[in-house]
Amino acid sequence: MPEPTEPTESELPVEPELPDNWGRWGDDDELGTLNLVTDAVRASAAAEVRTGRWASLAQPIAPNPMISSPFAPTTVDVSPVQHMMAHTGVAVAADWMLVTNHHAKSTHLDALAHWSRDGDVYPGRPRGEVVTPAGVTHASSASFAAGIVTRGVLLDLAHQGPLPPAYAVTSRDFEEAEERQGAEVRSGDALVLRLGWPSTPVPGTPTPGISLDAVRWMHRRGVSVCAADRGDAHPPLEPGEPSPLHGVALGRMAMPLIDAAELDDLAALCVELRRYSFLLTVAPPRIHGLTGVPVNPIATF
Amino acid sequence: MPEPTEPTESELPVEPELPDNWGRWGDDDELGTLNLVTDAVRASAAAEVRTGRWASLAQPIAPNPMISSPFAPTTVDVSPVQHMMAHTGVAVAADWMLVTNHHAKSTHLDALAHWSRDGDVYPGRPRGEVVTPAGVTHASSASFAAGIVTRGVLLDLAHQGPLPPAYAVTSRDFEEAEERQGAEVRSGDALVLRLGWPSTPVPGTPTPGISLDAVRWMHRRGVSVCAADRGDAHPPLEPGEPSPLHGVALGRMAMPLIDAAELDDLAALCVELRRYSFLLTVAPPRIHGLTGVPVNPIATF
Amino acid sequence: MPEPTEPTESELPVEPELPDNWGRWGDDDELGTLNLVTDAVRASAAAEVRTGRWASLAQPIAPNPMISSPFAPTTVDVSPVQHMMAHTGVAVAADWMLVTNHHAKSTHLDALAHWSRDGDVYPGRPRGEVVTPAGVTHASSASFAAGIVTRGVLLDLAHQGPLPPAYAVTSRDFEEAEERQGAEVRSGDALVLRLGWPSTPVPGTPTPGISLDAVRWMHRRGVSVCAADRGDAHPPLEPGEPSPLHGVALGRMAMPLIDAAELDDLAALCVELRRYSFLLTVAPPRIHGLTGVPVNPIATF
Amino acid sequence: MPEPTEPTESELPVEPELPDNWGRWGDDDELGTLNLVTDAVRASAAAEVRTGRWASLAQPIAPNPMISSPFAPTTVDVSPVQHMMAHTGVAVAADWMLVTNHHAKSTHLDALAHWSRDGDVYPGRPRGEVVTPAGVTHASSASFAAGIVTRGVLLDLAHQGPLPPAYAVTSRDFEEAEERQGAEVRSGDALVLRLGWPSTPVPGTPTPGISLDAVRWMHRRGVSVCAADRGDAHPPLEPGEPSPLHGVALGRMAMPLIDAAELDDLAALCVELRRYSFLLTVAPPRIHGLTGVPVNPIATF
């Protein structure tokens, strides 16, 4: 904990306006907060790589096989991937998959065009021109298609176990974690948040989630992208602002989100290496025009 | 060039047996040559990261929109991805995609179970038990699902332009490139090969390709994974062995392949940085049970 | 032709209001004009069946194979069906298909919920409650799922060749065809219209189409369902009312439409049998919750 | 029951050979037993149509919605149809569906190429030439694409309730039903069989099924197509011949099968009308190249 005689950043009076980056990088921008990843940030990311140890931030996906046998089971687990094994006619195996790009059982990267605000998509284009039956024409997955490479910092809020139900994560939690871990979130960094909860809803149990205060802190710090095992609370923390992370961070700050991450492996590696910062490589399949895309982010130490 | 008084490695008498790793790492192995990526290899990979500069080795994919308008065009470009924009009923955009996992217009990672040999899949399991209507049960994409992190070396065989049609790439080309570039392919490395050709066939023009001699060299050197813009020649270089890379390297050496890479960006960056070795991060979506999966490999310098 | 001293039905002054059946069969109705198919209509349909000769009103669909070979063609014809042959592991062949339900190359039946009007779906439910991400909850394909069986009448407007480009089909054309053919469209009948044009657009050529006057005639006559090789003109006949068939007949009269029919076989059979009325069986796959569904209507004589 | 002094047809000595129609209609035939549907058969079918009453023989299909909400249910019922509502950008609703063509919850028509025998497909073509990654090239769904129109007869074996578990349906059951119902199955007829069981398996309970004796009877009578609520028993009735209906009737007699029919509505209508014969219209979507296709057969009286 910091000394109590000085107010922490989060104890300062809350600014009344919501954080907003529309227009900050021009009218044609498709990168949003990824503009904060400068050469200097990438150099500091490179400096984190010293051992070659790494962890995946993605949850494993068990596809749902589209088998046609009359003796298939009568129910299946919902999966983001429907899998079809192909008849190839030769001794080579091939397949197809039907992917639901936004799904709670899939670690995925939200494109900026996933969200809209008063009928517009970032940074102010009419939604009807951007989100079309033929795909997304601006701020789609194409913006990240060559990959995102930056410094990442894990703030492990679940170091003593999962956060309590309905817990509102605030900037104070972030700053305590920085202090405890000896890590600092700097401009251009990827912020990785572990709440210790599964990405799928738990019937009857309110989940913890990210508060608006926490999102304001991300804005002040200059976070470029945020990955979390659980993001917006369900049910919402505050009726008036149901989704600080998607509605404000993605929708107004133009900060790409990595939803439904799985962070136990990363947390264990950080404990082992006594280090919470790393090179983060976010490289989804290089497919253009999507609203979101499955991704397997890799933290390298 | 090495001194001519000493024969190069490729001038040694060719061993009669095909390279073979079945059984080398036990009867339950699912990693194949990825076993060669030791901690020491990863440490040397880490040592390559100094600037934070990076390049994607994946070609961009323009999905084919599954629009239903009566006034759609009457033909479409073939694409590995069929894209469907979803009706969400709210101001959030979402979508699905139907992915052909093995496709010449998609940079993808072949699982070991993609190939089989005399009815068996690596390292000797009956194909019918491994390749099933419900998915692949052994040596599938699950083997790489947490990502592959190793040292990569680009051998740019097209530094003076695309290789000639029907050119057979041999170990001599590799060793000349090592000499020219000042790079060395070591055990556990990922080998990245640029022939300067598109991954799609060129009607009426025979493509260059990797010879069996070149594959033997990979075996001797201990390559862990191979990425190329073009691999096996079409039509085959030798009638008797139609596909050295898929039939021998993948099928017998159990070396995962990254097919249909796009390497111009990487080659330009290597020229700029005067360095052909890097950290290679291969992290496809973490989906189990597939025969292959789209991937966006990232080289970080 | 009727006697010229009496005005034909179509020469009467045009009523100013658009035809409208919302509310006519109650607030919960899902059948629309199919309510006009009474037992008496079906008995008259049955009376048409005397020989067992029949014709399909559907165009053949050549699926687009989702083959994954690197040597596939680089473009394909657009098709409403993407076809995937399955790996079954046994000597039984099976497959999947991905179907675009509304497509110009597929003869399909539009559900009433396909259209909406001022935010409502027939007969006055909020669109957001009816058209949901989980499917259509009212007036979907479920309304026709047990099949439609009624008397059908072909009016062959193309008996002397395709209609001219941009031709506006009116009630006069219908009445002349009735007179010429010795057929009469009665309440509850299915109306089958042959304009002699393909269902796909012809670049640079305006197509003929159904006028609002023709739709009013269908309303007066009590047509229950309409099938045509070409329906609404492209470009529209009148700027103010771009789609009389879909906007008025489907959207206001709640008359299901069979789009993109192929009627050459039917027309030839009518000529051979010298009869233009028949039993029409419209039985799409019995799948609920769709906005439209491929169908193979059968005319039996 | 017939008089016991005369042996029924099924009491005659069983011929040793399996019924076989390969070659009966030439080397290029794609119709199989549909060749038995002559003009005379169709005329007799037409004569059955007197009232316009009808029944569907298809079970309703509830699609599985491919919703992407994080709050989707965690399991779903297995369905032959995966449904995707499309973003159209306008007030028109459209959708796609991914269909498993052979599925126990879908009434579907098996193409002759669904089965093979010693590596060949009817009437003797190498399977590898017929069943290809690009679809089926012979005896596919294209054979029935214009629809099947013939006389149908329901034999209601479940008139007193579902058949017992593991019951072997024989020709005696058929002849007793003919006698009881006053109906006769004649050459070219469609045979509709109601066993009173659901098409989906019942865990732990052996189902009834069609015996080889019953299939021989179909061959002698000249049945052209067979529809049943349940066909081959599970587990098999006899270990040596696991599937008389699929292996012999479809595979050797080249008789198309309608699997997984739902016949309660038809049975009730037959009781009401005191008539078990009707016009049967089998008109799946007119899609070529499939191994099977969903269908909604309609019986018209």
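By written order: A, B, C and D. Residues from 1 in each chain.
Here is the rule we use: a residue touches a chain if its C-beta (ideal position, glycine included) is under 8 Å from a C-beta of that chain, and two chains touch if they have at least 3 such contacts.
Chain by chain, the UniProt names read as follows: A, B, C, D = Cyclase family protein.
Here the structure is a predicted model, which is why all the values come from computation and not from measurement.
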item: Chain copies touching (chain C (Cyclase family protein), chain D (Cyclase family protein)) - same or different residues, decided at half shared; value: same
item: Taking each chain's C-alpha mean as its centre, the one farthest from chain D (Cyclase family protein); value: A
item: For chain A (Cyclase family protein) paired with chain D (Cyclase family protein), centre-to-centre distance based on mean C-alpha positions, whole Å; value: 50
item: Inter-chain centre distance, chain A (Cyclase family protein) versus chain B (Cyclase family protein) - centres from mean C-alpha coordinates, in Å; value: 28
item: Centre-to-centre distance between chain C (Cyclase family protein) and chain A (Cyclase family protein) (centres being mean Cα positions), rounded to whole Å; value: 47
item: Multi-chain contact sites of chain A (Cyclase family protein), meaning residues that touch two or more partners; value: 66, 68, 85-88, 93-96, 98, 100-102, 131-133
item: Overall pattern in which the protein chains touch one another (line/ring/star/complete/other); value: complete
item: Complex contact set, residues of chain D (Cyclase family protein) against chain B (Cyclase family protein); value: 66, 68, 84-88, 93-96, 98
item: Complex contact set, residues of chain D (Cyclase family protein) against chain A (Cyclase family protein); value: 66, 68, 70-78, 82, 86-89, 98, 100-104, 128, 131-133, 199-201, 234, 260
item: Residues on chain A (Cyclase family protein) engaged by chain B (Cyclase family protein) in the complex (per definition of touch); value: 39, 41-46, 49-56, 58-63, 65, 67-69, 81, 83, 85, 91-102, 106-107, 113-117, 119, 127, 131-136, 142, 145-147, 149, 265, 279, 281, 283-292, 294-298, 300-301
